[in-house]
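In this document, chain identifiers A, B, C, D and E correspond to the written order of the chains, with residue numbering beginning at 1 in each.
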């Protein structure tokens, strides 16, 4: 049982598409169940280094330690949920081929410990994202896809530049040897390589000056796909960036700079959501804000804060899945995602799901978001960084304003349409809500796992 | 004078300067030209310049291609490093795959909206 | 994560909550939301019996958003927005303070928090953050922006809960954190002075706003701001007698507001009218309601025979003992003028001439409305006659918080050795005089001429016409605004301040939002510019 | 000798790149782009990287050029603004 | 002023910014010494023992870094599939770029088999001479392009066979990898006998992988070209 099956199985399934043209939905569910089986199989064998093809230090290495296992199981869970959720989707089943490859791209980004291999999976995930953006096949979708491709191309240029300079001056591609030899390089090249990797990944992890394109993409893509973007794609890039950063043993001022950038992007994202009139864009701004918090927390190199950030990643993915899928149901009925349409639907079930999602995103007890925020703030307090604590709380107050404005808009305005939520969707959404509530009340098990994962993330890839 | 022209260090400087000027020209094209086709054209130019730089700076005078043909019998030091060539080979094909996808998007967008100018793409944003 | 501990302080507040919730259970309520009410009750229990700061915060937040959804059934969008922004803001300042405490003392559990080694700057920061939370929850100016709308627009049953219990969580937190956790010696006195004066100012302004109010529930909302203002003022004196006075006033205020809100709710239930100008002359229709309201009014104004007087008496003696003469003067002024809006409440609804002819058609008030009112009246009367009965319970709380207990001289006597009074004697004297006057009026009544109908009142030649609004008393506060000081208070409102804050954020968001609609090319430009700047800074 | 050749070709490529970007007529800029592909193929051969040269020739000059030309045909856009 | 109209202020500013950036980049890159020890030279040393392939680049592409090629093939498949999603499979597709000159028809009839043969040669000799799966596949596809140009609408591709072909070669590539993993080695490891350097049937698994890749690329690029040449209308959602 090799780690590569995480990548090979979804790709094999999509290569064989012509054989099962109209059973794609079921195949996609089957693939995800198989991947979940692999993840369970590997759980007992953590941590695991595996060498693809041959002679260890020279070939591509896959690493599955606590933190990559955390992300692998999160992504497989989200994709399994996505394929199960839309199993009744009759038209447009071609999307499942692209999502399969999207899964293998995301899993590859997490598992691979070879810089050029990471670039390949970077491209796989990005191209499947371009296609998913253009899925609606209308003017808006294509203009979003074109914008995404141009910005994505710029990101891959920077990443390529970084990898080339690294190979030119260091000669090795595996992360462990890069980590070991990085500080022997000339100072200027070190700074330039770090900078181009930061910009390359920064565009994809949607950090402040580089994330002005994101809201348009979320608006252009179908709502269910936007859930995948915010729950899987940006988290994969975030992990890879910090995985490389901690392997290269970056010095303190650089981490401080990243913390400041994270805080700024949290503030600007939440502020611009205040006046937005489109609910999908509001959710996009909220994802940008949460990514800012994650960036801020992950760059603190403190085990408690990073474990809180990992916990927040899981909670944010679940909440965003809930929110985007319910918004998808609203959009199907009201044919628009503007705030007026959002205010006009009547469905007690959907309203509770939205309320639970908002409360958990705001970090309000008894939902899981609170535990994540509390751990992060506790970590910062023990580091003595009270300024950051104050800033996070103030900005999440802004976040509370626009989330609750949506809730009160729906609760107090004239209802125009009744939404009947199909049974399957109802069960799955309430499963998610229960998961958030359960994690909020009994978080200890997951928190311990997050602490081990945080330790392995901060220590980076050790020279094997 | 001709002798200095064949030194590897001189070659590397020529390659670096040459490829980065092409990089600049392509990038200016991407960031200032309004036509979508022109943008993607310049984007390919930028990518090609990076590939030229990478392969160029790995070449050293007197080194042969890493292929054992009639002339050379052994794989040893005086061959060029094969790994960058493998990497560039893959990235060129990725480049063309991305280019083909983006061109279909541009064509479909043009067919649906009749606009090819990047500044007039106003479908997204808060306005409607 | 959830650990609780039974404390004397917790018992008292939880007892109040149980009494209020049980009595309100009987009142007919259109919005039957059992889940939200049980959630609210659980969160209150969680607050009162928490033994660590995290459980306290969890209860605080759940109370916040569960009452949001309860209010959201009837209130309009602006009120909801005001409510949630202030309450979540208050909760986040509380979380900020908790995190600061964790940073300083390394733990959340009450017993392990020791502030001796903490630098005074950090303690002041903690105090200010906590004070912000308490100001928001108890509606101290200028943070009362949300209180009046939320109390008046939520459904009648819930506004009673809001004013009786939820405003007291602020008081509970003040006592718990400043008396029990941080303890007096680490607190800076100037801050407490400011708190005291803020409390008094709030009560003065709220009292005059109440007098000027035309709607019954808004009047009661302003009055609860004023009364909680007293509690905050007396608490900030940080003496043992002042703590007892504050606890006493909390108990009294809970039952007074319970009584008054349900009374007004009954009237609204039958007459569907909110404003004094459309009510009036219901004395003969609902005599029992009137008597209960009078009991509530007397204790609200703090007049002798009933419970209100005992708590006001304790407040005055505490202020005198601590030599806060000016503060005492201000409190006296505001509680004296409080009588005006008490009378307005009675006059507006029951006395005066009935304004609309349909008063006869109003249905009977369902008996279930009287359960909480009678409970409130009984407790107020008993506390009037035997005020000392709950002093041992308060001494228990004082002991648990580390203060030496107040002098307890039997059930009838209340007060400290500096000044005290005997409840039995007072109620006996007032009872006697009241009976005498009542007899006199009863004798007069059977000799007086019964008026034929509503318009049968002629007074110095005036013959009232049908369309004249004879219920002239409802506009009692109007002429007050002719006085310079009061006119200035009534005209200025915190609305302008908070409006400016929200427009500031709105414009800021307008600017940042434009950033997010950049074209792909400009986005590329931003990326390369950012890269060049960082490269230049690094290489230099 | 090889150094001189490389310098010449690099200058030629720079000029071709400038023409690609600045020329007003789109189809002529695509032709320049194909020429650029050819030029870089020659350069790769000089850099003793035959595999890359073959790829660049077939894909860089070949398929990309065809794809661009046909997209221009499908959209009938001639002038570049 | 005319300068602004022809070149545009924005272009000048961008030009200044980018050239300043490139100067900085060059400054940093030029004064750094390139390393001499690298992954490549280590691979060269062990290339003969582990692959017996004459072309080191092919052994790196298919064997040492086989996963990159798998990723590469997925990317090609993905973008072609993405293009397919965008375009309706409506039958009234007209060839846009057709010349019905008889000279071209006869010439193509002669040239087409030669081009395909040449492509197959490039694929088969991936591990001996420069070139390999990718290059050979595209050459074959250019043969089909020629057929489209010459015969226009009358030349019709059998899509069922083509997509089956593509699927099988892709699946074959991965199954070979999985077989190698099951046979004890690593994924895409070399479990076949290596043979002698320079022979056609040498270096075990490499030629098989490159043949699979070549056929898949050929099928996909043909489909790509057909999409572009034949499509008339994009599907409106």
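Criterion: a contact is a pair of C-beta atoms (placed from the backbone, for glycine too) under 8 Å apart; a residue touches a chain by one contact, two chains touch by 3 or more.
On a predicted model such as this, the values are computed, not experimentally measured, just so you know.
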item	value
Steps needed, at minimum, to go from chain C to chain E via contacts	1
Most distant chain from chain D by Cα centroid	C
Farthest chain relative to chain E (centres taken as mean CA coordinates)	C
Distance from the mean Cα position of chain B to that of chain A, given in whole angstrom	30
For chain D paired with chain E, centre-to-centre distance based on mean C-alpha positions, whole Å	18
Interchain centroid distance [CA atoms averaged], chain A/chain E, Å	31
Centroid distance [mean C-alpha coordinates] between chain C and chain A, Å	46
Junction residues of chain C, two or more chains touched	513, 516-517, 519-521, 524-525, 528, 531, 535, 539
For chain E, residues that touch 2 or more chains besides their own	14, 18, 25, 27-29, 34, 38-40, 43, 55, 57, 65, 68, 71-72, 75, 78-79, 82, 86, 130, 134, 224, 228, 234, 236
Chain D: positions in contact with at least two other chains	49-51, 55, 59, 63, 67, 71, 74
All pairs of touching chains, each written as two labels joined by a dash	A-B, A-C, A-E, B-C, B-D, B-E, C-E, D-E
Chain A residues touching chain B - in the complex, by the definition given at the top	116, 119-120, 123, 127, 130-131, 134, 137-140, 142-147, 149-150, 153-154, 157, 160-161, 163-164, 167-168, 173, 216, 219-220, 275-278, 281
Residue numbers on chain B that touch chain A, as the complex places them	30, 36, 39, 43, 46-47, 50, 53-54, 57-58, 83-84, 87, 90-91, 94, 97-98, 101-102, 105-106, 108-109, 112-113, 121, 123-126
Interfacial residue positions of chain A with respect to chain C in the complex	146-147, 150-151, 154, 158, 188, 191-192, 195-196, 199, 203, 209-210, 212-216, 268, 271-276, 281, 285, 355, 359, 362, 364-366, 370, 374, 377-378, 380-382, 384, 386, 389-390, 393-394, 396-398, 400-401, 404-405, 407-409, 411-413, 441, 443-444
Chain C residues within the chain A interface of the complex	1, 54, 57-58, 61-62, 65, 68-69, 72, 75-77, 80-81, 84-85, 88-89, 91-93, 95-96, 99-100, 102-103, 106, 125, 505-506, 508-510, 512-513, 515-521, 523-524, 526-528, 530-531, 534-535, 538-539
Chain D-facing residues of chain E, complex	55, 57-58, 96-97, 122, 130-132, 134-135, 138-139, 141-142, 145, 221, 224-225, 228-229, 231
